[in-house]
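Structure first, then comments.
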Amino acid sequence: MNKAISAAAAAERIADGAVIMIGGFMGVGSPHRLIEELVRQKRAGLTIIANDSARPGVGIGKLIDARAVRRLIATHIGTNPETQRQMIAGELAVDLVPQGTLAERIRAAGHGLGGVLTPTGVGTIAAEGKQTLEVDGRAFLLEKPLAADVALIGCHRADYNGNLDYSLTARNFNPLMAMAAGLVIAEPDAVVPVGVIPPDAVVTPHVLVDLFVQGDHRHG
Amino acid sequence: MNKAISAAAAAERIADGAVIMIGGFMGVGSPHRLIEELVRQKRAGLTIIANDSARPGVGIGKLIDARAVRRLIATHIGTNPETQRQMIAGELAVDLVPQGTLAERIRAAGHGLGGVLTPTGVGTIAAEGKQTLEVDGRAFLLEKPLAADVALIGCHRADYNGNLDYSLTARNFNPLMAMAAGLVIAEPDAVVPVGVIPPDAVVTPHVLVDLFVQGDHRHG
Amino acid sequence: MDDKTIIARRVAREMKSGQLVNLGIGLPTTVARYLPTGIEVFFQSENGIIGMAPVPAEGLENDSLSDAGGSPIGAVAGAAAFDSCTSFGLIRGGHLDVTVLGGLQVDEQGRLANWMVPGRMVPGMGGAMDLVSGARRVIVAMTHTAKGEAKILPRCTLPLTSVRRVDLLVTELAVIEPTAQGLLLRETAPGVSVDQVLAATAARLIVPDQVGVMALAA
Amino acid sequence: MDDKTIIARRVAREMKSGQLVNLGIGLPTTVARYLPTGIEVFFQSENGIIGMAPVPAEGLENDSLSDAGGSPIGAVAGAAAFDSCTSFGLIRGGHLDVTVLGGLQVDEQGRLANWMVPGRMVPGMGGAMDLVSGARRVIVAMTHTAKGEAKILPRCTLPLTSVRRVDLLVTELAVIEPTAQGLLLRETAPGVSVDQVLAATAARLIVPDQVGVMALAA
């Protein structure tokens, strides 16, 4: 099963209006080539689930600039004035979620859990519309799983089978999202033979990865 | 802050009647020297939280043999006839928990969650005494966090600060337990200088580890 | 060919290349021996690995590498190791394509009991409840009867492993597919008649006009 | 010394060796510059690292290594990298000793509002709600007033970050400890009188017989 694909062909698998998780934190660890292909192919009406929308011209910010996004589920948009402008103008719906809660909701979807109870947000605006449960005398919000049609994963290496590893803070939401979407497309910095990533270093096992983007070749 | 300690001195920190998580799966990845010290020091009345009790004479089985355990919370005792004998004789209380649920309950405690909703066990004996919640039309059990006084962690390497890595299937419950107990004692195969375990390979960050057992020295 | 070999060889034919498969301890484990040529699957062991393989030779065992029964295993190139939460996240989250499990009883609703006999044998459920609740496809591999007693019953008398309907039941006599309408007899073993299967089954079986003959992997 | 430097230098004195510390973006980040000699703490950045350090020299930045604001950082020997669930597990699970956060308002119950001004500024809560709910010790580092308006109020007019009472509030004028009884004035800044603090504070302050003078880290 050959999972290697060009960024252009990978992006073609994604429909207008799709719900897409995109890894990265302020652009660090985001799958930049896939994002650029979605912009180039003029994808529209997307729902994006991500930590943030980075800055104009950077990472997910490029999708915002291109008005490809109808709804953004994120933890923070303070660094992107264009996201805020579109939100205030009513062109973009933004759901703000506490960061640890976003991580757990994505994980819950990927791990087959019906939800998790978190103390974060109890008694605040973040509790609106949510069930508050008391467990052993403490109050928690019931946070539901969050899944997507597609996950776009930035990673350090992919082996030919699709095993992935990550580098430093570029890991962030990527491995969580790789478990929570119907179609998982990874964009590695480098592709390596099977066995090069040792078993203990594999963070995302290959069975979770449907496709990975081939590298640009620089061999002489 | 020097976290290095002998197995004997580490075991002395653990009181009779303590609630102890012990990593390992059929003995693989268990902290064998710490277990042996608890037996040697005649610790009694313990509550052990672990995947299994291995076999007589092996791993946690040694604590069972020594009648050090009053209560065992585990997923499987079928491989240890002595555990079953003590249970049937009423000498040992055994709580059986589905394996994925045990893992999530320990994780929930370590991650500050009030619980998780799992489909596992709905409509079975495992649901007895638990709240069943419906979320978006599906039934789930509310599983509560499980914490301990002490966690005994088997690992591959510890650096001087207490960062841990693991090898192959010896990882199992160890990193989960290292987040879920008041006192965390690691037993590495080897101790290495800070920096030898690269940041991406650290599975248990040092801040979680209170003490680690020094190696037996074989230098010439 | 003994009963267990028949079962393992028939189950082996259910595997498709690229699938992630978890085989229970005992009979299910032997399915790996009979994978048809050209079929390459990845084996998960719930204690924390994808890419389980036999130890290639005596003396090459590793203390940190075992199956869920604690027996030494090997690993293929490209194996991945992980903790118990991730292992069961793969199972519960629908990332495991197939699990093959032994059984004590299966009922007319296709529900499995395989983890305890109250008052007599209480080994614990281990990973079985998660596997049956979470795997995309659950195959039960068990002998049709035990000491002459039927194990396929109108209703399980033993505690259930899950209320989820399993997908396929393979015995030495038959292949049965639990459906919303009931237990559908798909195939009989070579030389076994439909009446022989019915006689050995306490549950009602739906017998279609065409019942196939079990083909066994070599 | 400007107001923000006074605050950062006072907060720095709260750190104890061996602690795991998370510093918010902006003013809180500057606390790292003023750690007293001999105090060694570990800095977590919620985007997934323990052992954050400044980049040692220009040109040594790494594209895969940044703080929660997206700015390049370095790492100490013995740093650890992890995913967002683990990062917030550390925070929510009580493994983070101290978080230092900026504030828009703090009320008499010691509750913080720091993530939005409805209709005017909606950056999102990022990790702030988890940090305030989960850290063992929450220190708010903020200017005492904004454009002459009090920020320490009987009740926050802005949406709360958490209903949890924060542990310490450090401004350029005072150190205030929120308690079950109310806001306790612990220290005033050098040259600042109790009356000056009271005048700049809309909330009721409990003024003990002894109010100390803020000592600042060098």
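A, B, C and D are the chain letters, set down in written order, and residue numbers restart from 1 in every chain.
We take it that contacts are C-beta pairs under 8 Å (C-beta built on N, C-alpha and C of every residue); 3 or more make two chains touch, one makes a residue touch a chain.
Please read these numbers as outputs of a predicted model, since none were measured by experiment.
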Set of chains whose contacts include both subunit D and subunit B: A
Distance from subunit D to subunit A - Cα centre to Cα centre, in angstrom: 29
Length of the line joining the C-alpha centres of subunit A and subunit B, rounded to whole Å: 32
Computed distance of Cα centres, subunit D from subunit C, in Å: 55
Junction residues of subunit B - those touching two or more other chains: 104, 107, 111-113, 118-119, 166-168, 171, 199-200
Multi-chain contact sites of subunit D, meaning residues that touch two or more partners: 49, 75, 81-82, 85, 88-89, 91-92, 134
All pairs of touching chains, each written as two labels joined by a dash: A-B, A-C, A-D, B-C, B-D
Footprint of subunit B on subunit D - complex, ascending: 17-18, 20, 42, 49-51, 75, 77-82, 85, 88-95, 134
Complex interface listing, subunit C residues touching subunit B: 45-49, 62-66, 68-70, 75, 81-85, 87-89, 91-92, 121-130, 133-134, 159-163
Of subunit A, residues touching subunit C in the complex: 1, 107, 109-113, 159-161, 163, 179, 194-195, 197, 199-200, 202, 205-208
Subunit D contact footprint on subunit A (complex, rising order): 25-29, 51-52, 54-55, 74-79, 84, 87, 94, 96, 98-104, 107, 118-126, 156, 166-176, 203
Complex contacts: residues of subunit A adjacent to subunit B: 104, 108, 111-119, 133, 135-136, 138, 140, 142, 144, 165-168, 171, 199-201
